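Given below, in the form of structure tokens, are the structures.
Two complexes are shown next, each including chain A; its partner changes from chain B in the first to chain C in the second.
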Partner chain A sequence: MIFEAKDLKIYYKTKRGFVKAVDNINLTVEKGQTVGLVGESGCGKSTFGQGILRILPPSTFYGGSMKIENQEILGLPENSMRKIRGKKIGMIFQDPMTSLNPVMKIEKLFFETLKTHEPEITEEEARDRTAKVLEKVGIEPERMREYSFQFSGGMRQRVMIALTLVLNPILVIADEPTTSLDVIVQAQIMSLLNELRKEYDMSMILITHDLGVVAEMADKICVMYAGHIVEEALSEDLYYNPKHPYTKLLIKSIPNTNINDLDLKYIPGSPPDLLKPPIGCRFAPRCPYKKEICETNEPPVVKVDNTNVKCWLYSGVEQ
Partner chain B sequence: MSLKSYIITRIILAIPMILILLIMIFFILRIIPGDPVLAILGGKAPVEVIEAKRHELGLDKPIIIQFFDYLGDVLRGDLGVSTLTNRPVWSEIKDRFPATLELTIFSFILALIIGIFWGAEAAWRKDKPLDISARVYSIFIYAVPVFWLGLMLQLLFGIYLRWLPVGGRLSPRVSLDIKTGLFLLDSLFSWNWEAFWDVLKHLLLPGITLGLVISSIFLRMVRNNTVLMLSKDFVKAAKARGLKPKVILYGHAVRNAFVPIFTIMGMQFALLLAGAVLTETTFSWPGVGSYLVLKIKYRDFPAIQGTIIFFAIFVVLISIIIDIVNALVDPRVRY
Partner chain C sequence: MRKKFISERLGELISDLFGTGTGWLTFIGAMILIFYIILAIFSPQIAPYDPTERVGRSLTAPNEEFIFGTDNLGRDVLSRVIYGARIALLIAFIAVAIAAGVGVPLGLISGFVGGPLDRILTLVMDAIYSFPGLILAIAIAAVLGPGVINIAVSIAVVYTPTYFRVIRNQVASVKNELYVEAAKALGAKNSEILMKYIFPNVLPSIVVVLSMNLADAIMIEAGLSFLGLGIAPPTPDWGFDLSNGQRFVLSKAWWGLLFPGIAIITVVLGFSMFSEGLNELINPTIRERR
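Up next is the complex of A and B:
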């Protein structure tokens, strides 16, 4: 097992109380696996991604347990945590336009990253490795002397990927890596990411709100809603046989090209306020299959077929 | 546009600006009350003597003729002769300028050190005591008049504690070979430690006064811009790569924070000179600032006009230099 989160809680401290952005999440990533994390904006998926690296504001509260290669990282002091960031767990950010420092040459970004984790590395060696990894992502090594603003959006994301790969981490968190790119570039970046993941023998957590993207890439998909993982299933199972009402509605709402079905489907209502989430099931206020118990008791996670689902509808068919 | 043609354009654009400034200062001086002849000779001089002096200075000619005479002289590079001392204005300014330069450079370096380090650390610890104290400090110092701050420092360190002299650049008993006019450098190059120590002691109070005043604005700019930069995605990405806090703060956040700071620093520099005028007067520092105040008192028209033009050209040159530095700091800047 590469990564394991157990009862993970990440709460933001605000003046009005704790925002429970991630609440009792359980997630495992096996070696070589790509896990998709899907959910709408504000469901806590990016908080989870950045929480793994513990780069959220210092006032953030963490609870539960988080392990990388069986090493507990939640209680780790800052300076030990720094050795894990980049080196063991790499992160690719959403917006390549703003994630690269505009006043630094590309090579400088690579050199300082390498130097931080491998202090004895020589300039020549660093240049070599930078050139190699840039070539892998399809950028001419000579361009390392340029600045990020001289690259297009897709090229910048390639640089960002290279910058993550250069340390050869065991786990990469890709936080909506293609959201800010156009559709064709999206596809290129995704297939590049997939190839390199195999080549570098990494595991990946792919955070996205795009079910289409995640379907092609992920072995396993976790659907997040209001700080909870409501369904965890293999990709095909999730698509062809969704269990949780939220997942069902989410899949139905994917726009299609059927001429007889031009209505845009959506889920009525909006996600709950995470300062005061509903006591029972967090999806209950929007759920068409709601029962009485859903509003008063938090549903347990039950295993149905091969799917883990957090819903009262299945509590009777527990195996 | 290349940097070279940009600089040439800037210089050409400065010419009408200086001309307008010259026209304004020339006529304002002649409109405001006060007569240079009376200021030199005193109110009790006989009428014939006053008229003779007025004729000698050319002040009996029509004002328009006076202006074009003066303009012609300035274009030939001649700033005229001081009505008070009969010495050429240019050589008087030239003699006093190194003192101003030494004071402003010292103050500027002090302000840079305070501004960058306190500003950066305050931004890193936003809303913590170090940050709150930085904000209180910068508001307080900014609100305090320069001369009052100078007087208080004089009172404390000069009068009560008797640690430092309250005025001048050099004690009369100390001798020093003057080459550059920057006394710190002169004493350093001639290995004259006694003079170096004496010069430093004289420089300390006016330098700290002016330095603190500039540091208040500077600290605020660095702190606010660094706070802004620390919230940027590239800082988060740098953290995610495991970079050390010092590298993130100074290598990424502060460095980027300087991009907007540089663009306003040109304007800040004019403020620095205004502060220098007041500081020099408070500490009887023999620079161009105290020279200007003295000449205003005696209505020495050519000297006042000459000094103003000199300051204007100086500010233009500094702002061009800042633009060039800005292009070096921020590779996105193209002219």
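Up next is the complex of A and C:
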């Protein structure tokens, strides 16, 4: 096991109270596995991604436990945490247009990053390694003498991926890595990520709201809703046999090209206010299968077939 | 919005008058500046007489021997104007160096750290900022007494908040940029993030402030010595000569007042034109405004 989160809580402190962006999440990532994290905007998936690296505002509250290679991350002092960032857990951000320092040449960016973790590295050595990794992501090594603004969006995301890979992390968090790119570049970047993940033998947490992308790439998918993981299943199971009502509606709402069925489907209502989430099931206010108990008690996580689902509909199955 | 420098308004006015001639503006400004800098560096070689010695009769009108005439003590006005460039530029550069040297690091730290420290520093700087520049400089100069460094310090105090504000606000916005977050995610230390990712990205915003600040520093310096709070008397100084010359205007000795005055005006004009031109070159949105 590479990564494990147990009863993980990440709350933002605000003047009106705690925003429970991530609440009691359990998630494990095995070696070489790609775990997809899906959910709509504001469900806490990006918070979770950045929370793993502990780069959220200092006032953020963390609870539960989070382990990378059996080393507890929560409570680790800042300077030990810095050694984990980049070196053990890398992160690829959503917007490649702004994620590279505009006043540094690419080679300098790589040199500075390498130097942070290997202080005795020489410039030539750094350049060698930069050239190698740039080649891997499909950029001519000569271009390392250019600035990031001289690259297109897709190219910049490649640079960002290379910058993450050069430190050889064991886990990469890709936070919507293709959201701001066009469809063709999206596909290129995704397949590149997949190839490199295999080649470097990394694990990956892929955060996205695009079920299609995640179904293709991930071994396991976790569906997040309002700070909870409501369903955890293998990709195929989730896609062909969704259990949680939210997942079902989510899959139904994927646009298709069937000419007889052009209506855009959506889930009525909006996600709850995470300052005061519903007492029972957080999806209850929008759920078409709502029962009485859903509004008063938080549902347990039950195992149905190979799927873990957090819903009252299935709790009777076991009893 | 920060308080505008007097020289900044002057520069905008000139650039409005000249229209799109930004290149010329910068060029002429730069020429004037180079002229005065050469004057300051080589004043012993250029000046015809010793500026502190009696070389002729009192209040001689401009003639072939004394092109700008002599003052009430028989000193050559031309030599005093040439040597005056030294003091004016020296004090301006020292003052700006101190103001930037204090304001920029404080702004960096305040913007980056935030929280109570930021609030306290901003409060202090705003308090300084709320005083009219010359009056604050007069008060500080009166306490510190005359001397090059003291004058420079009193001018620096007036302008430190300008640097602080510009840098602090820039840092506060740049620190939320994704590349700063990305650097954090790659394990960079706070000091590295501040010096390598944030500082180079906020630096361009103070270039123009620097050059405009120089012009205003020269004006304040002249104002201080005009009021007798500047450099000790025998040293040639435009502001002091201005107030000295002014006493004899009624005796029809206009040259003692006119030439130091022209020197102050042209050097400030030069800085204004240069910095406004620079501003427009660096910041294309201003050019579009017209």
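General observations
Going forward, the second predicted complex is superposed on the first by the 318 of 319 C-alpha atoms of A that agree within 3 Å, B and C clash if a C-alpha of one lies under 4 Å from a C-alpha of the other, contacts with A are read in each partner's own complex, and residues count from 1 in each chain.
Simple rule for what comes next: contacts are C-beta pairs under 8 Å (C-beta built on N, C-alpha and C of every residue); 3 or more make two chains touch, one makes a residue touch a chain.
All values derive from a computational prediction rather than experimental measurement.
For the composite obtained by overlaying on chain A, chain B and chain C cannot both be accommodated without a clash. By the touch criterion defined above, A:R85 reaches both chain B and chain C. By the touch criterion stated above, A:E40 is placed in contact with neither chain B nor chain C.
Of the two partner chains, neither chain B nor chain C is touched by A:D219. After overlaying the two complexes on the shared chain, residue contacts for A:E118 are found with neither chain B nor chain C.
Of the two partner chains, neither chain B nor chain C is touched by A:E295. When the two complexes are overlaid on their common chain A, residue A:Y147 makes contact with chain B while staying clear of chain C.
The single stretch of chain B with clashing C-alpha atoms against chain C, selected from 4-12, 22-30 or 58-66, is 4-12.
Chain A residues 50, 53, 55, 82-87, 90-91, 93, 95, 98-104, 112-113, 116-117, 160, 163, 167 lie at the interface with chain B in one structure and with chain C in the other.
Listing the residues of chain C that touch chain A in their complex gives 177-179, 181-189, 192, 196-197, 200-201. Chain A contributes residues 50, 53, 55, 82-87, 90-91, 93, 95, 98-104, 112-113, 116-117, 147, 149, 160, 163, 167 to its touches with chain B in the complex.
Residues 50, 53, 55, 82-87, 90-91, 93-95, 98-104, 112-113, 116-117, 160, 163-164, 167 of chain A are the ones that touch chain C when the two sit in their complex. Against chain A, in their complex, chain B makes its touches with residues 232-234, 236-244, 247, 251-252, 255-256, 259, 329-332.
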